[in-house]
């Protein structure tokens, strides 16, 4: 309430930049995934290694969960099959998940980037950009 | 020619479904017959002129006869009203029936014999 | 209208009034009401007396009043000699029966209905004999049929079947009479009876003549109980005795005799007519008499006797000579007297002794001498014994039969059969008297009935005895009647004693044979009882139930529960029509083919594939999906045909239909039942498809733009300001179609509300909705967009694809989406306000032009700040409301299925 | 002689690419081994394809109306596709559609269901 | 405009594939996927037809069809879940 | 009176329906509004009828657009006569529904209003596509009313009725489309005589006629009617009996007279008429329940009306129109009697009604005898007219069939009378006798409408001439449609 206009402006600029950066990253990933899946389809033989993996979330609000699930699903090759709230969990079907942990890691990376983009710049949750295994 | 064949295909398919048991399939048959009638109506207006009848959007000399289009719109909406009522009847018939799951649409006693998968 | 003509109407009216009064009389006087009615009958007779005297002078009293013009029925009454004779029977015997009723009917009971029906019947019979118009005659004829049905029905529950038999047999004859009258009217060029009867040459020359004669005979035979229709008469004896006495002695059955006598003026002497009447009449006479001779129930005996006597009358009319006709007329009169007496006496015996069976009755002569005497008088008359009137009439009949000249030897055959019948008559006459009155006295407690009870019978019996020797008293009446039946005749004078004539010899032979039959009665009886009984009633019942059974067979396909049984028929009709069309294919106006675009073929191939998959699948989900796919493909076809509005609306409708189907299917099994008789259905469907394709090919696409289409393209923008011509047609030029169609949706919504009563736990969706967690945000995100799209389509519909329907359907998808996302609707977004507002707005906008003197739905503009609000837009808004109302209803009532309640 | 502007050329390239992507998705519908892989590949590939087609059409028919409508169309496509894919995937799993044999891990099988949906 | 005609032909084939998958299954989930694809194909086809017919007004169908495709897919998936619940 | 009022019979009931949907609460208000609207339409149509007897045809171009492009309403003797009799029937049915309690739902009155608007519109319109629309406006409420109170039997009947009607409607739409395809117009006036000049129009018109025949329950497209009507609530059966198939018959008559000018299909129409008469009456004879017998009879009565059309002479058409008008009232009275018995006793397997229910018995008797064509009732005049017209044309087969069917009608009426009104012999009726012991009786609210509708049977028989005059005028308008054509194309 007492925040100065300049500070608000700065924070807004930071957020916009973070969102833009995230969108850029996501766009690249999205196109890449499209190419991967298209190649999988048109090339003979099967390079598929499908798996359904459980992904614990750091997302706390419905909006965060929704956006994350949305983005994962929009990407070719990954598909959310189920959303659980207690604890927040996604079950994700991956077409190329031969190494499930690596697959989960990629998803976690996306989540981290998303939360960074979505949460206010001074929010403590947004600081730690690396996912910490074992902690809820 | 294509319009006639389309009408024929839709009519044949529609009548075939009409003669099957099960109210839902009968309803689908009516949807096909409705398509057939609508294609026929548009064909009745003549298919040489195919520009949408939107004044200012093209050459009026090439615009399709708008009257059959108005007829088709009216007919589509009427058929929609009746179709959903028919589906409501399927629901009501199911509710009035044994209470267990009968066949997909209960078009007569012969159909409740089919067990759910 | 002469005064006497008025008397005819007055007489008929009086009968009607008497009938209507009779229930009141019964309430006031009880069973004694009959005496009042008897007096009434006599008064009516008195009213007719002046007319009768005119008739007997050779004139005819007529009254005429147009009833209808086309078909022409004239209310014409005409009283001539023949009519006078029958009036005398109807009213005279009627008065006696009415006077007989009070003592016969039970005291304290309600008899208003019986009196009413009897009097009505008398009135109908009077009308029948007085009718001077062919169709009026039919009218009264049928009225006697109906009245007799209910009179027989007074016999209680067991009378129902006999009453039905009598009604149907005589009703069949009545319809024959109707056709006869219609054809006769055509053949003679008039329906006026007198005119027709004068047109003998025209009628006989007409090709319709044989048909008319046959139908007349059929009508007369059913009414007068001739073989093979005779069975209804004995069956009708379940009626109470006064009814039997009136109907079967003097009136109902004599209607057939009257008809034959009346139309003798046309057909008398025609070979076919004569042969038919004589053959059937004599056969009936002999069979009826033989049947009578083996009956034990006195009433049944009298019934068969009546059949037999009617046979003699019919045969005599068939002979057609003046002598024979005169005899028939006299015997009609005589029969009425003796048969009425006998019926009444049987009723007396029944009431006094409690039985009518001659095996139970015996020795009543000693207890009831007066009754016995009267029975004897009537019996002698029936048997044709001196000096009764029956003797005179029978002598005349023999004379008539002997003179038959239809074919060589006809006279001998006819006379022989007549003698046989008469001998049997003598024998059963003896059987009646001997059976009831002779023998030892068994019931000592019995006594003579009160004089009031037997007085009516006494009058008839005495009249029959007195009028024998004094038969010449009847000459004026009889001669005039004969003249009316055969206008060219020279009628004879009746004589009591003809001297030692051949007829006297035949009478003697009759009596002798009768005595032999009587004396050998035990052997005769045994022999007769061994003979097979022709049971016409059973045969009739068999035919009757066969007809009912045939009806059940005819109706069986229409009791099916399967829709296919009904829907196959229009398909077949279409195929038949197509076959007709193929034969007419080179007729004027048939041409082939609309042109097609190459892309069309691609769409067509897809369509065929999708339809084929749709009809083959047994998976409900596949069916829903394929139905949607077909919708998409057809929408593409519409786009190619230049109909974006249609494509848009179709798409929306298609999706809402598929969603509704999905709601409904969620209650049902995912697999459709295994079909049967697929080949037949496929063949029929294929044929229908072929016909539809050929029809479309031949009957569309071969002409220039229609004048209406050209007008709309040209006038849309200048006249309405709209640029989307289709939309201007919907809301401006043909708004009435649109109003009707929106009303259809409103009705469908109301119907769904009625069919599927609301769930007690309120609106659909809510917390049970399936995708709340994830679709909720999607709904929030998309709702403004959908609302915007809807508003855009609505507001721009006059100019671009869109309009009330599609806008509302888009809004409807939001409602459906909201349901799937678990969002409850607001209160105003419920069916009732939407439908009510739509209906009121639509009709009101249309009506608003009328106070200004403009036709319904004339467009106008309301000035509002910032521009004008045009009535077409308001009208489109009404459509919008009703369409949305339906979608909301569908989601509300079909969305929540059984699965929700778990 | 056909004169093709750069914009038109780009438009044609985009529509062709888009159509190719849609066609590839269709091929995936044929080739991929189970419903999950099909859902995973098809909807998304097709979505990108349709976006390309829409953008190409915008270039072929430039205009304000076209831009607004197609822009909204692209946005709508990107917003709705994942929701639809999620619905498909979830219903596939809940209805017991079998996973392809190649699927080496299924954490969802045996995972407890929670109260929220 | 031959270009769009060729592309429309390709889309027709993809629609045929979708129809085939709807019919062939094997699971109902496959059919739902096919429904999704069918709508996508339809949207692309409408856009190309707008070019072919040179009628931008037709593009309004793109919006409607995208929305409807989404709803249809969700509704059919919903049906599938209701059967298995 | 100007043609402007012709829109009122459609607009006012729709407006009333909207108002009644908005105020679902008070049943008395609903009764008042529906009765007032129906009485108003009756009065208006009576005035219109009186004004059209001199051959005047009023017309109204909707929206004031030029005829040929606008939808045109036209009122000649035939349409106003139909309007009169249907408004009267709606009024009577509403009164009857108040008696049976079938109007208990707040949806009943609006649906009845929409239905009646559709019927009136179908009688008035001179536009083929608009006819299709109004037929639907009439039918969709009828689906709802038929299945009103649910239950297995009723929904099964509703399924058959609805699907069949929908198929017929689709055929009608296709037929209208084909007519437009050949001629480029759907205005009846512009189509006058078209089928005579062009085989193509005749064939397209044939599709329309087949569809209308299905709606009118012409054999062999009749089965749905006897199967479904008896399942409807009693008041609804009455309402349907007088309106729905009659619209089909009316449309057949109008279309055949104007477009085919009575030629071309004469033998087909005659064959259909005779077959319909025979099959209908046999089916009736074979039925057991009162309402089933009565509804199967409708089929045969449709045949009688078509017979007059097939003859296509002044006398034949006049007789057909007379038949149509009087029979609507007669059949409604009979169905009211049957429904009253069912409502009071809960079954129609009862007996001794003649004794127990004198009012119902009288109403039934008069109407049944009229239906069977017995003099001096209205049915007699009607059948005599038809028989006479057929005999004049020397069509003796038709005469024979008409008379034979009349006889079988008598058979079936007597079956009802002997079984239910006399009865008492059948031991299987013990149960119904027990019910009778419960002293159930038909309330006057149910008996009075039946009695009132029985009165026209007598009046139109004894004083047949005014209606005959009107019917003849209507027939003249059908034989020479030029005045009608001028009015709708002017």
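By letter and in written order, the chains are A, B, C, D, E and F; residue numbering begins at 1 in each of them.
The criterion applied here is as follows: contacts are C-beta pairs under 8 Å (C-beta built on N, C-alpha and C of every residue); 3 or more make two chains touch, one makes a residue touch a chain.
Because the structure is a prediction, the values reported are computed rather than measured.
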By that same contact rule, can you tell me which chains touch chain A and chain E alike?
C, D
Joint neighbours of chain C and chain B, given as chain labels:
E, F
By C-beta contact count, A-D versus B-F, the higher one is A-D
Chain whose averaged C-alpha position falls nearest the assembly-wide average
F
Remotest chain, chain C as reference, centres from CA atoms:
A
Between chain E and chain B, distance of the C-alpha-averaged centres to the nearest whole Å:
19
Whole-angstrom distance, CA centroid of chain A to CA centroid of chain C, is 83
Distance between chain centroids, defined by C-alpha means - chain D, chain E (Å)
11
Chain-centre distance (mean CA atoms) for chain A and chain B, in whole Å, is 45
Residue ranges of chain A touching at least 2 other chains are 69, 85
Multi-chain contacts in chain D: which residues touch at least two other chains?
25, 27, 36, 39, 47, 72, 76, 80-81, 83, 85-87, 90, 92, 116
Multi-partner residues of chain B (at least 2 other chains):
18, 23, 26, 36, 40, 43-45, 50-52, 54, 57, 67, 71, 74, 78-79, 81-82, 85, 89-90, 92, 95, 107-108
Every chain pair meeting the contact rule:
A-C, A-D, B-C, B-E, B-F, C-D, C-E, C-F, D-E
Counting only contacts in the complex, chain B reaches chain F at residues 18, 23, 26, 30, 33-34, 36-37, 40-41, 43-45, 67-68, 71, 74-75, 78-79, 81-82, 85-86, 89-90, 92-93, 95-97, 107-108
Residue numbers on chain A that touch chain C, as the complex places them
62-63, 66, 69, 83, 85
If we count contacts the way the header does, which residues on chain E are in touch with chain B in the complex?
53-55, 57-58
Chain A partner, complex, touching residues on chain C are 773-774, 776-777
Touching chain F in the complex, chain C uses residues 66-71, 73, 135, 138-139, 142-143, 146, 153, 157-158, 160-161, 163-164, 167-168, 171-172, 175-176, 178-179, 182-183, 185-186, 211, 544, 547-555, 557-561, 563, 565-567, 569-570, 572-574, 577, 580-581, 584, 587-591, 692, 695-696, 698-701, 703-709, 711-712, 715, 732-737, 739-741, 743-744, 746-748, 750-755, 832-833, 835-844, 846-847, 849-850, 853-859
